[in-house]
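Both complexes below contain chain A, partnered by chain B and then by chain C.
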Partner chain A sequence: MILLQAAVSGLLLGAVYALFSSGLTLIWGMMNFINFAHGEFVMLGMYVALVITWGQFGPEAYTPAAAIVLFALGAIVYAGLIRHVMRGPMLSQILSTFGLALLLRYAAFYVFKSDFRTLPDTSLSSTLDLGGIYVSKAQLLAGVVAGLLAIGMHVLLTRTALGSRMLAVAEDRSAAMLMGIRPDRMQALAWGLSAASAGIAGALMAIAYPFSPSVGETFVLTAFVVVSLGGFGSVPGAVIAGLTVGLVQALAGYLIGPIYKDVVVYAMFVGVLWIRPQGLLGTV
Partner chain B sequence: MRSKTLLAAAAMAMALAITPASAADVKIGALYPLSGNAANAGRSALAAIQLAVDIINSPHPDLSALPSVGPGGLANLGGAKIVLVSADHQGNPAEGQSQTLRLITQEKVAALIGAYQSNVSFTTTAVAERYGIPFVVGDSVAANITGRGFKWIFRTTPIASDFAANYMQFINDMKKAGHKVDSIAIVNENTDYGTSVAGTLLEQAKAKGITVAVQIPYSANATDVTAQVLQLKAKNPDVVIFVSYTADAILYMKTFKNLGYLPTMMIGDDSGFSDPTFVPSVGPIAQGVMNRSSWAVGEPGSVTYKINEMFKAKTGHEMDDTSARSMQAMLVLADAINRAGSAEPAKVQKALQETNLQPAQLMMGWRGVKFDQTGQNTLAATYLIQLHGKDYVPVWPEKSARMPVKWPMPGWK
Partner chain C sequence: MPALVAGIHVFLFGKTWTAGTSPAMMGKWIRKMRWPWGSIVLWGGLLIFPLAVAGSDSADFLQDVGATLVLAAISACAWNIVGGYAGQVSVGHAIFFGAGAYLPVLVYTVWQAPPIVGLPLGIIVAVAISLVIGIPTFRLQGHYFSMATIAVAELIRLVVSNWDLLGAAIGLQGPATPRGWWDLVFRSAVPYYYIYLAVLALTVWITWAMARSRFGYYLRAIRAGERAAKSLGVPVRRTKLSAFALSAALTSVAGSLYAFKVGFVNPESGLGILVSVQMIIIAALGGAGTLYGPIIGALILIPLQSATNTWFGGSGSGLTFVVYGGIIMLIARFEPGGVMEMWTQLRRLGRKRVKSSAPAAEGPRAA
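After this line comes the complex of A and B, so read on.
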């Protein structure tokens, strides 16, 4: 029974991992660009949720609000920073998002102070009791949203004209321009979508997880593991990898001991990349 | 190298010659985590230390029970004021070392105070020892901070072995009162603080004949503690002792509720459980959780009550045990500087060695402050408190209890 609970909890946690990792992998797929500030986007999603709760609104209000605010922020970051550093050397591209991460983190320290915050209890704070197996509603919703996002992104990229245009820009910026596609618009959209998914993830995670402005650091490492395990650029890959990491962590933690759960996860990570360097669903 | 040393010596001699004997400010360096995971606790401790400095620097006849407080300024140094220079070590032992070096060599502080996390106190005190600058540790409890043969390190707080013995005594008292305690579990974060306290807890449990069903170390940065809680559920101990920082302590309480499992009793070892955000965040689901403290607000009009009011006016929240211990450390240091009549490190060191404060001179509920050979305060003590509504209330030992122990803990039920 407890083993089953461990598996269920692991999958739910994995769903949350999948949710905040899918935005990171999207940016890579669209632009071959690593965003080290992704954890800070998640953190800002949490604070947007917090600010909205001050107006006595619940998750049905603050989750979309976080998506909208972060979408705007993502687009602004692209227009204000990324568009410019893309012309520079690879190293400055990488370091620019590091700088952005620190800027966002310390701006949040300035505005919100260092206190740990938790969101007030809402309809999503409770758990479902499925015959002795406890399921957190917030995590369940995160799983559903992660699944929908993955399907939505996949459909967007493979079945719509907009998606084709985005992929065309990713493939060859100059050629896409010659075809009459505005690359800046497409890439701003990609950044917006990526940040919005981080915002949704943050808003849903904030229900269960205490947060402070430095919370982003905690998540970004897991996000990178999930993204490289799933294959850089593959949203379905991130979902599968997220669920796998969550499940392996939970089972290893229960069967071998909590202190070893990360050892098992990283061993698996190294093992998979040894056999498939491009990740589970990645392409070379 | 040699000429540099000579130059430094000459510069120091000159500085000493120029410094007027009276009313020069005394600079004290405060090392705390002002950003990072423990920033909240660090900032609160720093605010408490700043409050101590404020009440020393300005006239406070109503608080003159505290040593060196009352006239405004340090009387034996011609009314000199204390100036606090704070440094943020981010909870990182290496950053702590370089900040300590900066405070000593560039800011030229007369003494140091800090540093919250035990592993940071461990490295920063080593730097102070090397430079011969007195360092008063007010909060870190890992055993290895004192006992390294250091001559410049003084620790006012009770340490792991003190309260580990208290917890086990408490558990045995509960058994005698007819409550079932077949086994306990120890859940500890895996840096110096958690590891050393857990080690001491294991020793004391063995000494007092208490079975430890399981010990679970974990990382305080964990994003999830489901596996840990499920393991507790599987072993089903009667009492769980937590050695945790803030985010993880909150996360544990939420995870217990999410998984519908509540141990008969939980004891939190201060730190995260005393963080000002713990009760507002998870108070309603953690009812009856126990904690240790040697800080009590006291009756209206008392010194501690006044201090708490001033602290509330400054920070907006009540004084907690960790911040109070830091503030007490600052008061002890100021008393030593005042008795030394000088900010010269060697004189302050000697005065610290001679410290002998009585309970009435303290804001903490200790039996006094008197340092042994290793620099550890031998008269520190602690009592156990339990969360009732929004407040921790002293419940053990019986003579300081304001309420009987509520057993089992009600949690969210």
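After this line comes the complex of A and C, so read on.
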């Protein structure tokens, strides 16, 4: 029963992983670009939620606020930084977001200090009894909302005109331009969506888990694992892989020991690189 | 004596003594002679630095900063081989630095052996890890390598932080008092400074020789365009792998040198992400893929770092890294070639003013 309990909470956390990883995979799929600052976007989403609580707003305000702030940040990062390094040498592509990650992480350390924080108790802090399995309302909400939004991202990309335009830019930038699509606008939008997905994931996790400015590094690595497992550029792959990683992490924490949770996940990444580097559902 | 003259001749002209030497030809040579002034000033300055500051009030502090600077230059030069010349950006070089730093103190802790025994062991471990990362990731292009290095670095840091043999989160201590000179424990920073400088000279020489060899041209071909290089018959995977292993070995030497001087290593100082960050920022600031770029970068960054640490104190160390992040972003955005590239452009600008018809020496940098 405890095993089942661990599995359920692992899957709920995995849904959140799926959400922010689908943001990372969107950027990779659209422009062959890896965002090393993606984990910092998740971390910022958590602190947006924290700042919102100072203004006496309830949990229903966290997610929209994080979405708006991070969408704006993502679009600004694209316009100010990524647009200029995108076609440059590999060194500047990697250094740009790596530098951004350092900047955001240590700025957060400076502003919020390194203590672990939790959000104040709300109506969500009670637990539910689902036939013997106890789940906190916050965890359940975070997992369900994140899962729905990750699926929503897939629907947006594959079933709407906007998504088609974004995919057109991904496929052939200049051909898309000839069709009257503005590639810069679409890519800025993709960065905004990607950062917003990270921010929402952060705000959702902030309700249920304690956090500090250093969590970003763990999340960016988790996202790498999920994205490489699911295949670069594949949102459905990221959803399946996110759930898998959450499950494996929870089971490893329960069966081997809590300190090995992350060790197992990173080892999984190395394993995927050795055996099937293009990911389970990916093509290179 | 003739051998010495011949040696100097090779140093100045880059070729050996040839027949037909006459006073007239000597004069011609002297006129043609181009002294590598930059290198002479750089190495001369590094050589006399500890002696030059010996008389000042803060001699100990300055000599210590000097040793830190030279050490930082060694690891940045080592990173530069794979990150600069080959264009494969590793963000996990702390793994190799840590392997080099941990083994000397480990052999001391376990067998009471002199720490220097750990240096070759560190190299072996570092090269082995580099192959484990390199063999799968070099099958693919681009970002996979960077992602794999950062993930493996974090994996190893987590494992070491929980491994009691390696001191877990607390770390390991080297010999506190020397049992003999072979323990390499000195009170002053000066002996370390000169050991580091010798290793730096060796590292720069290896890089120089590599860059002039077929291997070096392979690396630059790979950086400029992997597919094009492959189609011209460059053994891409093997070349990248060799560069990575060489870089890992040299980085591990830097780690061992660090452990000799500090005599203590913990997961943060040996394997933390900031160890990798420092190598990258120094090499990129000076000029990744150039011979002296990493040294120039160290000359700029390490004094800046000591100054900010003194000004902000311990509480402001976070701010230092905010500045680091900003510098890395600015380099990426505006001048991926670093200071060396800026210098080249300045010189080209100067030359253009003299002879406006001179064509640009180099084409645009390839992506």
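Note that the second predicted complex is superposed on the first by the 258 of 284 C-alpha atoms of A that agree within 3 Å, B and C clash if a C-alpha of one lies under 4 Å from a C-alpha of the other, contacts with A are read in each partner's own complex, and residues count from 1 in each chain.
Just so it is clear, a residue touches a chain if its C-beta (ideal position, glycine included) is under 8 Å from a C-beta of that chain, and two chains touch if they have at least 3 such contacts.
Remember, predicted model here, so these are calculated numbers, not experimental data.
*Asks:* Quick one: classify A:103 as touching chain B (first), chain C (second), both or neither.
*Replies:* second
*Asks:* For A:88, using the defined touch cut-off, is the partner it touches chain B, chain C, both, or neither? Pick first, second, both or neither.
*Replies:* second
*Asks:* If we overlay the two complexes on their shared chain A, which of chain B and chain C does A:60 touch? Say first, second, both or neither.
*Replies:* Neither partner.
*Asks:* Name the contact category of A:224: first (chain B only), second (chain C only), both, or neither.
*Replies:* Once the two structures are laid over each other on A, A:224 reaches chain C alone.
*Asks:* Which partner does A:34 reach: the first (chain B), the second (chain C), both, or neither?
*Replies:* A:34: touches chain C, not chain B.
*Asks:* With the two complexes superposed on chain A, say which partner A:172 touches: chain B (first), chain C (second), both, or neither.
*Replies:* Neither partner.
*Asks:* Check the residue A:267 against both partner chains and state whether it touches chain B (first), chain C (second), both, or neither.
*Replies:* Second partner only, chain C.
*Asks:* Looking at the overlay, what does A:259 touch: chain B (first), chain C (second), both, or neither?
*Replies:* both
*Asks:* Counting contacts the way the document defines them, which residues of chain A are shared by the two interfaces, the one with chain B and the one with chain C?
*Replies:* Common interface on chain A, chain B vs chain C: 106, 109, 259, 262.
*Asks:* Spell out the part of chain B that touches chain A in their complex, as residue ranges.
*Replies:* Result: residues 34-37, 39-40, 42-43, 190, 216-219, 221, 223-228, 230-231, 233-234, 246-247, 250-251, 254, 257-260, 275-277, 280-282 of chain B touch chain A.
*Asks:* Give the list of chain A residues in touch with chain C in this complex.
*Replies:* 32-34, 36, 81, 84-85, 87-96, 98-107, 109-110, 217, 221, 224-225, 228, 259, 262-263, 266-267, 269-270, 273-274, 277-278, 284
*Asks:* Please output the residues of chain C touching chain A within their complex, sorted ascending.
*Replies:* On the chain C side, the touching residues are 83-84, 87-89, 91, 132-133, 135-137, 139-140, 142-144, 146-148, 150-152, 154-155, 158-159, 162, 223, 273, 277, 280, 284, 288, 318-319, 321-322, 324-333, 336, 365-367.
*Asks:* Within the complex, which stretch of chain A touches chain B?
*Replies:* Touching chain B: residues 2, 5-6, 9-10, 13, 106, 109, 113-118, 127, 129, 134, 136, 208-212, 214-215, 218-219, 222, 249-250, 252-254, 257-259, 261-262 of chain A.
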